[in-house]
Amino acid sequence: MKKIEAIIKPFQLEKVRDGLNVIGITGLTVYEVSGFGRQLGHSELYRGAEYKVDFHPKIKLEVVVTSAKAESVIDSIVKNAATGKVGDGKIFVTDISQVVRIRTGEKDEKAL
Amino acid sequence: MEFSPEMKYVLDSIWLLISGFLVMWMAAGFAMVESGLTQSKNTVTILTKNLIVYALAGLAFWLVGYNLMYAKGTDFAGSGLALDGMSNTSHSLMADFFFQVVFVATAASIVSGAVAERMKFWAFVVFSIVLSAVIYPLQGHWSWGGTGLGGVITGFTDFAGSTVVHSVGGWAALAGVLMLGPRAGKYLPGGGVRPIPGSNLPMATLGGFILWLGWFGFNGGSQLAMGSKTDVDAIALVVVNTNMAASAGGVVAMILTQLLYRRVDLSMVINGVLAGLVAITAGPNYSSVAVAVLIGALGGVLVVVAVPLFDKLKIDDPVGALSVHLVGGIWGTLAVGIFNPNVPFFTQLKGVVVIGAFVFFTSLAVWALIRVTMGLRVGEEEEMEGLDMHEFGMEAYPEFRSSSRPH
Amino acid sequence: MEFSPEMKYVLDSIWLLISGFLVMWMAAGFAMVESGLTQSKNTVTILTKNLIVYALAGLAFWLVGYNLMYAKGTDFAGSGLALDGMSNTSHSLMADFFFQVVFVATAASIVSGAVAERMKFWAFVVFSIVLSAVIYPLQGHWSWGGTGLGGVITGFTDFAGSTVVHSVGGWAALAGVLMLGPRAGKYLPGGGVRPIPGSNLPMATLGGFILWLGWFGFNGGSQLAMGSKTDVDAIALVVVNTNMAASAGGVVAMILTQLLYRRVDLSMVINGVLAGLVAITAGPNYSSVAVAVLIGALGGVLVVVAVPLFDKLKIDDPVGALSVHLVGGIWGTLAVGIFNPNVPFFTQLKGVVVIGAFVFFTSLAVWALIRVTMGLRVGEEEEMEGLDMHEFGMEAYPEFRSSSRPH
Amino acid sequence: MEFSPEMKYVLDSIWLLISGFLVMWMAAGFAMVESGLTQSKNTVTILTKNLIVYALAGLAFWLVGYNLMYAKGTDFAGSGLALDGMSNTSHSLMADFFFQVVFVATAASIVSGAVAERMKFWAFVVFSIVLSAVIYPLQGHWSWGGTGLGGVITGFTDFAGSTVVHSVGGWAALAGVLMLGPRAGKYLPGGGVRPIPGSNLPMATLGGFILWLGWFGFNGGSQLAMGSKTDVDAIALVVVNTNMAASAGGVVAMILTQLLYRRVDLSMVINGVLAGLVAITAGPNYSSVAVAVLIGALGGVLVVVAVPLFDKLKIDDPVGALSVHLVGGIWGTLAVGIFNPNVPFFTQLKGVVVIGAFVFFTSLAVWALIRVTMGLRVGEEEEMEGLDMHEFGMEAYPEFRSSSRPH
Amino acid sequence: MKKIEAIIKPFQLEKVRDGLNVIGITGLTVYEVSGFGRQLGHSELYRGAEYKVDFHPKIKLEVVVTSAKAESVIDSIVKNAATGKVGDGKIFVTDISQVVRIRTGEKDEKAL
Amino acid sequence: MKKIEAIIKPFQLEKVRDGLNVIGITGLTVYEVSGFGRQLGHSELYRGAEYKVDFHPKIKLEVVVTSAKAESVIDSIVKNAATGKVGDGKIFVTDISQVVRIRTGEKDEKAL
């Protein structure tokens, strides 16, 4: 099984989620992060002094799927999260050695 | 035994000042209601608008508006600038001016909420100046200035401004909203409505309380005098009726949202209170308490009906300003024609229509002019990321993880 | 030279109105203190309760309560409905009515905080109506209505309502809290107490300031007249004593929490200020400033002692309403018997007991009735996830990551 | 026809009380502005300071300050304690005392913001007591107490306290800030300034509105009388000028920040409003509206210039208290010497310097004493993690993920 | 070594933490996430318009342990986090190739 | 490729980020977490009752780099995050099997 972590722009979340729904993803976890990358920071102003804010608000999305399904999930995310502008984000894939559904104790693929 | 003229002068002037303090306080109420009922990514913008609109209203009304409204001149407009040639013998001129200033600020504040979350800051600033300096004073010249627009609306009765202040703000706002269009993502392609919840309901509730308190000055001060038993009795009745209409509006909104949606909606209760207040404003001085309760209650009904109705018409009003001030103001003005035997209904209707048409179309023209010159609406991306970042480079709550989330 | 009756009428009426404005403002203060000292998952609920309780108190007191309290009738209750047959020659009836309305709203607001975070919204609404329409007015008929309950509590002296308003709210709240039980997880099996910190201390502090300001109207207005040198001197003394008792209460709470816990507790300082205010309320008019400071300071001591004491008794009061209004109110009422040579201590004690017993047991009966009919307490899961979501389907701060965390 | 002495007594006293209510409300305004413009990790501390400073000012001024300031005695200081021997025939002594108490509280509140986010709580408490009990009353004895310091500053004219209240607070704050040093990380080694944004701008804006409202009492009440046509005319002019100067200050700050930084800065607009208010405070009673607008506008200019200037001097003032109250207060006092033909500029300058020097050096001495005895500044780690956790063990917004982030 | 990530219901955190304490876990990192899975969303109401909220608040918990200990940690979490109702959450296990204790520079098992 | 997760003290973030900039890291994701470890909790006080807060606010920092660069990243973080006091935090390293740049669809090392 694979864990697919995607860091995306906040306003793309809805589209990405809808895309994943279409390909039959049944679970998903998201949280807010701050990202720093090629996208340049912007400057804010406060009481006559400027300061640079380097980090951008991003959404991180984690979805664990069978290895077979990983490719289609990645494609779907890329398609729906891309705006073509710098800062669109990255996808990282890791191997998952075990999954457990807490409610039932089911394991691995049955737990997904 | 009647009081001496000087005693009347002193008491009346002080009453205007104290009432004016209360009405000034309403500016804070609008700021809190509007920033509470909108998204946190636009909070700095809406706060600045509210603070600045109060300041500008005062300056504009002093330079131009007060004379236009209250000075002799033609039936259409008063003459002079900067209080030039104005005087008053029954109470202090400056007290009167102050009381009027806080009124025009109220009208201007109403616009701010309806056009929130997508209008350019400076476009709003320019419109507010025109509204305070010209549009508001002109119609005020006809009604409270006493010319009746050369007789066209003579007899029109609006004690403290259901029409002259609240609907006027509402019509100006409606013109702006139509010109501006709804917030991005508010109305779905399929016809659905996507709610955009307010970010800080304690602030909105505080704002509701502030407005409620300020309204005692708004309506009570409109007696313009307290130098006799008759006057204080009138003021006391006005205060009680104002309070009871607000109570009724709020309670009815609570009951209706429970019945319609199976849950009470706090934002609607606040709007219900305000609608009750707007509704009673045209005539808190003639009716019995029971009639005031009825008028306020119907204000509460109207707001609960009007909010989703405006949404159905794709007229996007983030804080309910149109439902409260425009709809509530029309209802309150007409109510005088219904419940006050001395005021013909048709006269009230005529006033509502004439003033409404004037303000709406003038405002439309001004908004249009602003649109073609400096632009009315921020870009799509600006709107999505929030006006605060793009127009102010500042955040309202910089330390708190809030992401006026994707909608 | 005494003023003419009309002059007195005008001045007294205006004073009642202005004082009433200040007391009305206290409703906002309660809303802020209570929403600030509770969890954000219950904020919409508590805000709505505070807004609605003010509205309902007005309507109920108009329809039923005012007559019950102030009309002639029996020693036990006044007669008539909706101000029927009421009149007043020394000041405007409506001004008096307004001033009384805001008082009953205060009593009702007190309950709201103590039963917060677990009571069903509609159960609270029903109780508030009964309290405002019947329970409060009846005991008010005996004290301020002047019957002395057929002589039983004749001579009982409570200038602005340490007992008649504050303890009454406190007794009603205590009955509710006992009926309702503590919040889930508040008291640990081993006997420990798990604190549930308030979610927004700036709001709570703002509420404290609002109440402090409003109290000048509460106590100052209770002179009920300003039409003579004697009256304004009395008012001025009342205002100063009110201010100094509050200051003393706050300072003492600061010092005591520092000594006891080695850290100042802001929530206790706010409560200390309020306890000082409640304590001085029964007699701000007779004492020297020094005595007012003493009475307020002891109010501050009591609150710091009472809050953990109630916790030890497993009486869960999220905002300290019982410590402030019930304990502080009893202390303030008895203090009149101690410091005012003209008022026997025993008379004060009798008033406290008679009114307390009446309100407590009547309230207990009403709460019991509500429990068996519509239910008093939300379900365990509702409580855990917050009343806002379950009763209102709304969040107070929807954009902010707050999860009134597991406790 | 002049009013009877009793009528004057009644009206004047009531005006002092009502004005005093408004000024008391400013304490809440300071609490909101200061907690809004600082980081959330220090919010409990700043709220407690503001609540306690109001309470302590009252107690200290009652015990010591009022006599020191207003009792007969020497040219340098009044005599007696606790209102001993004080009396007043033209209005209620207690009303006067109340009005003065809220003034000293204002001066003390100013300090709190400037020294925020790094001073020990108890060090601030001790200084506030000394300021309220001794420093403020002494200079007040010379100016408003009328001795002119044995003639040294005779003729010095400060209607409502641009110098006597606001600059005094400002000088005391400046001494504290110099003694204390800037917040950690505020000034970068390379000479840069690292902004530390305020955590809650709605609160700060609300505070701005509260102060604006309260200022009508601050300046209006300083007429100290309303028992004649002359008095109410004066009050009304004062109120209008106060309002217009504030408006002008805010509008100018808006325009200037737009021009200088290409974006409006809300925190500066709030400061601009306040600077306009401080500036007009020395002479709202003599000038025309146009001059008031000018004075306020220049106040707005000064604040926009002064804030970055203080930063260049590495004088760290988190909320802009020095720019608003010290700079604005000096400007307003000198403006009287410029615009009021009856007041020589040099007299005003002399007053500013004498009072300023006295307050600054006395304060410096007191701060120094506190530093060597109990310590002035919290430890580095305490500062980084926030004063709330270390001095109070409490959080202002415990449920919200805010981490006054690393800066 | 293994990293055990568990997504649980917020109100179970305390029980889970106490359970982990009992079996001798010495470190733990948690943060708030939003989850979407089998558990249905609920509808909220605002000003007369209803809207669906799909994501539920969840707590994510990460604990890194020796491979030997992983099983007992998983069992403990399952036991304490389960309420038997849908939405109880999932556990994901990943391999960790290196651990460093920042304070001392200690590595791997010694760093835990 | 490796994912390096570091849990650090909030006030060290800036130094750590500057350190990573120096060694040429081009992307970084951070978020706020609560940690529980050897560092003892502290007690807060509220209305006369004390309570223990076990969790400390921490910052979690994730950076994905080529395996070659991992060691220098770890060293840099350790150097800049350490204060020598307990609670300095931990670093966990995981293998990443795939990386995608959403904007361009670039894969693996090219996507970093």
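Each chain carries a letter (A, B, C, D, E and F) given by its place in the written order, and its residues are counted from 1.
The working rule: contacts are C-beta pairs under 8 Å (C-beta built on N, C-alpha and C of every residue); 3 or more make two chains touch, one makes a residue touch a chain.
Note that this is a predicted model, so its numbers are computed, not measured.
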| task | Return the chains common to the contact lists of chain A and chain E. | result | B, F
| task | Would you mind telling me which chain pair, A-D or D-F, is linked by more contacting C-beta pairs? | result | A-D
| Would the interface of chain B with chain C count as same or different, where same needs over half of all numbers used to appear in both copies? | different
| CA centroid of chain C to CA centroid of chain F, Å | 51
| request: Go ahead and note the Å separation of the Cα centroids belonging to chain C and chain D. | output: 33
| Between chain C and chain E, centroid-to-centroid distance (C-alpha), Å | 45
| Contacts with two or more other chains, residues of chain D listed in rising order | 7, 18, 197, 200, 206, 263, 265, 267, 392-395, 397, 400-401, 403, 405
| said: If a residue has to touch 2 or more other chains to count, which residues of chain F qualify? | reply: 31-32, 44-46, 94-95
| remark: Contacting chain pairs, sorted by label, are A-B, A-D, A-E, A-F, B-C, B-D, B-E, C-D, C-E, C-F, D-F, E-F
| said: Touching residues of chain E toward chain B in the complex: what are they? | reply: 44-51
| request: Provide the residue numbers of chain E that touch chain A in the complex, in ascending order. | output: 2, 6-8, 31-38, 54-55, 58, 60, 74, 77-78, 81-95
| Which residues, counting only chain D, touch chain B once they are in their complex? | 1, 3, 7, 11, 15, 18, 22, 39-40, 197-202, 205-206, 208-210, 212-213, 216, 220, 226-229, 231-233, 235-237, 239-240, 243-244, 246-248, 250-251, 254, 263-267, 269-270, 273, 289-290, 293, 397, 400-405
| note | Per the touch rule above, chain E residues touching chain F in the complex are 3, 17, 26-31, 64, 94-103, 105, 111
| note | The chain D residues in contact with chain F across the complex are 384, 389, 392-395, 401, 403, 405-407
